[in-house]
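Letters A, B, C and D mark the chains in the order given here, with residues in each chain numbered from 1 onward.
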Amino acid sequence: MLGYGFMGDAHANALRTLPQFFPDAPEVSLDVLVGRDAAAAGEAADRMGFSRVETDWRDALDVDVFYNLGPNSVHVEPTVAALDAGVHVLCEKPLAPTLDGAERMAAAAAASDAVAAVGFNYRFVPAVRYARELVEAGELGELRHARFRYLQDWLVDPDAPWTWRLDADAAGSGALGDLGAHSFDLARYLVGDVDAVSGHAETFVDERVPEGGGDPRPVTVDDAFAAHAEFECGAVGTFEATRYATGRRNQHAFELDGSAGAVRFDLQRLNELEVLRGDGRGFETVLVTDDDHPYGEQWWPSGHALGWEQTFVHENYEFLSAVADGAAFEPDFGDGLAVQRLLDAVAESSDRREWVAV
Amino acid sequence: MLGYGFMGDAHANALRTLPQFFPDAPEVSLDVLVGRDAAAAGEAADRMGFSRVETDWRDALDVDVFYNLGPNSVHVEPTVAALDAGVHVLCEKPLAPTLDGAERMAAAAAASDAVAAVGFNYRFVPAVRYARELVEAGELGELRHARFRYLQDWLVDPDAPWTWRLDADAAGSGALGDLGAHSFDLARYLVGDVDAVSGHAETFVDERVPEGGGDPRPVTVDDAFAAHAEFECGAVGTFEATRYATGRRNQHAFELDGSAGAVRFDLQRLNELEVLRGDGRGFETVLVTDDDHPYGEQWWPSGHALGWEQTFVHENYEFLSAVADGAAFEPDFGDGLAVQRLLDAVAESSDRREWVAV
Amino acid sequence: MLGYGFMGDAHANALRTLPQFFPDAPEVSLDVLVGRDAAAAGEAADRMGFSRVETDWRDALDVDVFYNLGPNSVHVEPTVAALDAGVHVLCEKPLAPTLDGAERMAAAAAASDAVAAVGFNYRFVPAVRYARELVEAGELGELRHARFRYLQDWLVDPDAPWTWRLDADAAGSGALGDLGAHSFDLARYLVGDVDAVSGHAETFVDERVPEGGGDPRPVTVDDAFAAHAEFECGAVGTFEATRYATGRRNQHAFELDGSAGAVRFDLQRLNELEVLRGDGRGFETVLVTDDDHPYGEQWWPSGHALGWEQTFVHENYEFLSAVADGAAFEPDFGDGLAVQRLLDAVAESSDRREWVAV
Amino acid sequence: MLGYGFMGDAHANALRTLPQFFPDAPEVSLDVLVGRDAAAAGEAADRMGFSRVETDWRDALDVDVFYNLGPNSVHVEPTVAALDAGVHVLCEKPLAPTLDGAERMAAAAAASDAVAAVGFNYRFVPAVRYARELVEAGELGELRHARFRYLQDWLVDPDAPWTWRLDADAAGSGALGDLGAHSFDLARYLVGDVDAVSGHAETFVDERVPEGGGDPRPVTVDDAFAAHAEFECGAVGTFEATRYATGRRNQHAFELDGSAGAVRFDLQRLNELEVLRGDGRGFETVLVTDDDHPYGEQWWPSGHALGWEQTFVHENYEFLSAVADGAAFEPDFGDGLAVQRLLDAVAESSDRREWVAV
């Protein structure tokens, strides 16, 4: 495992939780943790339960499965090397800081027998999977509208410090790649491919002072973006993401309107899906924790809410099962590349101020 | 008063309700109702309380105040004639079926001493006015995001009949002019002028059978549109309207995110405004019925919800007071024209598939 | 009409609104307004549209219909006199300050051919009537739980002034009669008769200063009550009302849980009913404004919310139609008396600290 | 650890999760799992990570800490023996099937130096602790109303099978002890002690067929109860619990109304607390996941919802820290006994149909 920050914690917790609730999941042993700072990595390895630490990822590919959880800027090389070595990979999203990098990764995945998974964990929220079940069963009919938004508020504060997430070289893009990538992945998962987009990216505050003070550093990524899109299936899509949505801590939300029904979801109430069926007069608030809901049987009795962290349990269950069974896993690097193309198209459309075909 | 359909009912009810709750409102007598079908108009006049009926509007301009509540196609001529004759006018929205017509109306208004009001009644929802008070008092700080949507569902049903609202000649446009016009007016009221828009209009179903059967007739207006926009103040705007939003009977909604606070509104809960202030951690659901809320003192004790129909009471109160006092009224034909330009810009942007400056 | 306060305004507005939306309602002319203060009553009569004023109700019974909208303390005598004279009566709730008074009124009603209506206007909220339709159609199955609450907050403020509503002689009781009466009426309307109650009344603040200052005056009514009850049908009921519910301006709410479905209502969102049907997984939020909803066809298109004030239009429509047709009207004085017995039983139970059979 | 059902899973998961998120928690090794069925217990021990299995709890008290997670009927003996042996105990709720048993347990706890914890895990929901912080900081002022409800729906289905939870001998009571116990504990935690209660218990369905068929067996516990109560602090309390609340999977909810503010909570949205402060006009929906919220710093960034299961992590953190530090822990057996007395008082009140002092 490369990286022991936010995502490292999330996956380590998931791997430890997996055996109790998914007894048929493959057994995992946590071998090596990779980090440039040996001391810090050693401490994290203790806390997270890894046997050893390496400071160079090249020394850590003698494993069955490689988790690339570092910042985007270190996604390409180690991942390609792992795949070339036949090591299965789960790489966090977005796939790469540039489209070119993403294409190299997808090519490596195509040329390898290993499973190449991209970490779009929101596909593994039970309510989101339930929405997909409804779409696939035709319960929503023909989709006309799909609205996606991912609103956060951590930059509303004018004194919020500069971080690597505000730097184009380290992060690739801002709200677009960090938040929009999740929206576009769910859009493809739930609605299908996008033909064309018209997007608009905006940076509200041009520079910020790093944590601990010093000279302000420039903000070189987008603070927010908005886009509309044409889906292959004929639906009209709208997308928006921002770090300036006052009061929305983490509103990853979507609405799908079809000719026979509709659904609404908000990550801040992640155990709920609002569902409207053909003969309904309004949206029904469904607590997606029943035994026949996705993953419902594995957990607690109905009505006991799961946390955000358990999406990683589901994701790892599917990923590791695919690895063990030699089966396909979705979302794979093809999906990751498709999202990357959408991000790129939005950025290009924003520059050219016109629609861009995908 | 020209027209005795939906809007005729709304204004007649408002004029009758006004004296009890706004005792300082000017007195009104309902003189003449104009309709092409003398019998039907006569019946409506009885029900609504008018003294006489005319079938030609030219015979009905011997009044102080003229309400033009007919379809868009009859907005221009009678309204211009009334203004030229010095008669005060309240004209329903959108101002005209074409930008050219709207410009003629605005020119007539500018050249006349009469009050020229356009019927954007949602400015008169207490919660909307309260939102505006918060913006003007600086409670939201600098605005960054403004989201507007107007979702209806009456065309989701594949068997919904063809009506004049689906015909470009009669209606000018579809969701754009019917619903989007309200959104753009509120956007200008709450956020300010728009510099540029990128819009996308869509027609999902190309023809429908008229009520009572017969050959299908073509749908020549948009069923839905989506747009993003740049406001003069630097905020990013998103707009969407549709008649295909399954389960949303009448969701006219907006969200304003500022550096110091935020608000959210949904017409389906028109007595509520969700408010987030600087030191708040989440949105507060405010029932906008207190005595110190807009128009609160005129009505019932706190907590007694008003209906949609009372927005017309407030609108007429302001309009008639302006007429009586020789004072200015907003929204006026300048506002109506500004909205028309925005509608036109969205349509043009949709055709050219690029941004259009306003 | 006796009384021109809050209820006077509500009924006058309703009578004026009725003809436009209910064209088959009987015609009404506003004859005489009764008030002890001739000048104030004269002013109100002008505003509300009455032809004349009397200061003694005895001089005002030369009418077809008598509205008794005064405080509880003047409910009994004028109402009984009117009924004895064969005049139809609509009397505001609760029927009388004492059970004895209510019994006299019910006896007078029984002995008279006139219609004797009691003003439980919440039966005429479309969402409430829709709930009743669902119960009657068996959509909820066998009822097990019925929860009623009526929460207000106007006494939370320690400086809220003393009013006649806090005086036992003038008001009969406090939250119990003022708010609880509405709950008990809806309980009987929706669930049926109550066999026994166990109640608890509480007064939090013993004295308050009248508006304008002076010596504090004692609060001799209940500030709040809570009760549980056994319904004849086997359901368990809970009831609560208070004037000390911080932040609840007017939360008149109920929940009905049956073996096949459930509903939830809150007056603060009076156009909505939350409905759960047999095969549902959660509550559906229904906007009760469709054409086939109660009174839906008389008003605006779907999705246009009605105000609290329109419940009086519906109530007057039913009442005046019954008067004109010589038909029965509910809720009648028998219903008013039944509620009074429940209020009395709660008070007695609170004193004796044990269950009381009704 | 005695028991490996629902609660066994919850605690095992918590103990495994603890080290990563609470690095200063004492280290734990899972020694012995107790179960009457050796084979089943062995399988559970494997899954949960225990070293050995015993079929008699008497052979398992050679430990530092004993978790009694069995049904109520096996709470008393093993727990008293453990405490007598100086072994720290965490016992699930309610403390015992009878008041007598609970008193024996509390006496054993008082006589022992060991920590005696009772498993009221809802005290460890961040939103609940935040509510308590607000109460203690005086943000709600003087409390007037406290409403508690715990609604479930698993017996609405007429074919739901008979289980030990419906048997008085095994379970002590029904909704009262299973659900009401949680409510009464939170009531004491948030509002304080109760002076007197008036309660009403009801059984709707008298017999049910066990899973797998056979003769119906009698339901000898309550299906539901309702109660009102007087708190020592002067507040009026209402309580209700049921297994017949159609559509409410797990609605453990409370509302506290004070002279200066109010809060509302619903376990189905366990990351949210609705808060009204003195100058607020309505309830603010707070996502209780910020760094300065209870336990917020230990977990994910703001806005990432925790699951129900993590309440056990917090509970175990506090319990094991108290064990390691020789510190006090709440809720202890005194709290467990106090709740038991309240349950008993409700049952007695229901029988005698009058108030019972506690």
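In this text, contacts are C-beta pairs under 8 Å (C-beta built on N, C-alpha and C of every residue); 3 or more make two chains touch, one makes a residue touch a chain.
Note that the structure is predicted; figures quoted are calculated from it, not measured.
A.B. asks: Would you kindly state whether over half or under half of the residue numbers at the chain C/chain D interface are used by both copies, giving same or different?
C.D. replies: Shared-number fraction above one half, so same.
A.B. asks: When I count C-beta pairs in contact, which pair ends up with more: A-C or B-C?
C.D. replies: B-C
A.B. asks: Please compute the C-alpha centroid of chain C, do the same for chain D, then give the distance between them in whole Å.
C.D. replies: Each chain reduced to its C-alpha mean, chain C and chain D end up 41 Å apart.
A.B. asks: Could you state the distance in Å from the CA-based centre of chain A to that of chain C?
C.D. replies: Taking the mean C-alpha position of each chain, the two centres sit 54 Å apart.
A.B. asks: Can you work out the whole-Å distance between the CA centroids of chain B and chain C?
C.D. replies: Their C-alpha centroids are separated by 36 Å.
A.B. asks: Would you please write down the residue numbers of chain D that are in contact with two or more other chains?
C.D. replies: Expected reply: 276, 280-283, 287, 290.
A.B. asks: Residue numbers of chain D touching chain A in their complex, please.
C.D. replies: Contacts found on chain D: 6, 9-10, 12-13, 16-17, 19-21, 23, 47-48, 152, 154, 248-251, 267-271, 287, 289-290, 300-310.
A.B. asks: Mind pulling up the chain A residues that touch chain C in the complex?
C.D. replies: 275-276, 280-287, 290
A.B. asks: Quick one: which bits of chain B touch chain A in the complex? Just the residue numbers, please.
C.D. replies: 140, 144-145, 147, 156, 158, 198, 200, 202, 204, 224, 226-228, 230, 234, 236, 238, 240, 242, 244-247, 257-262, 276, 280-283, 353-355
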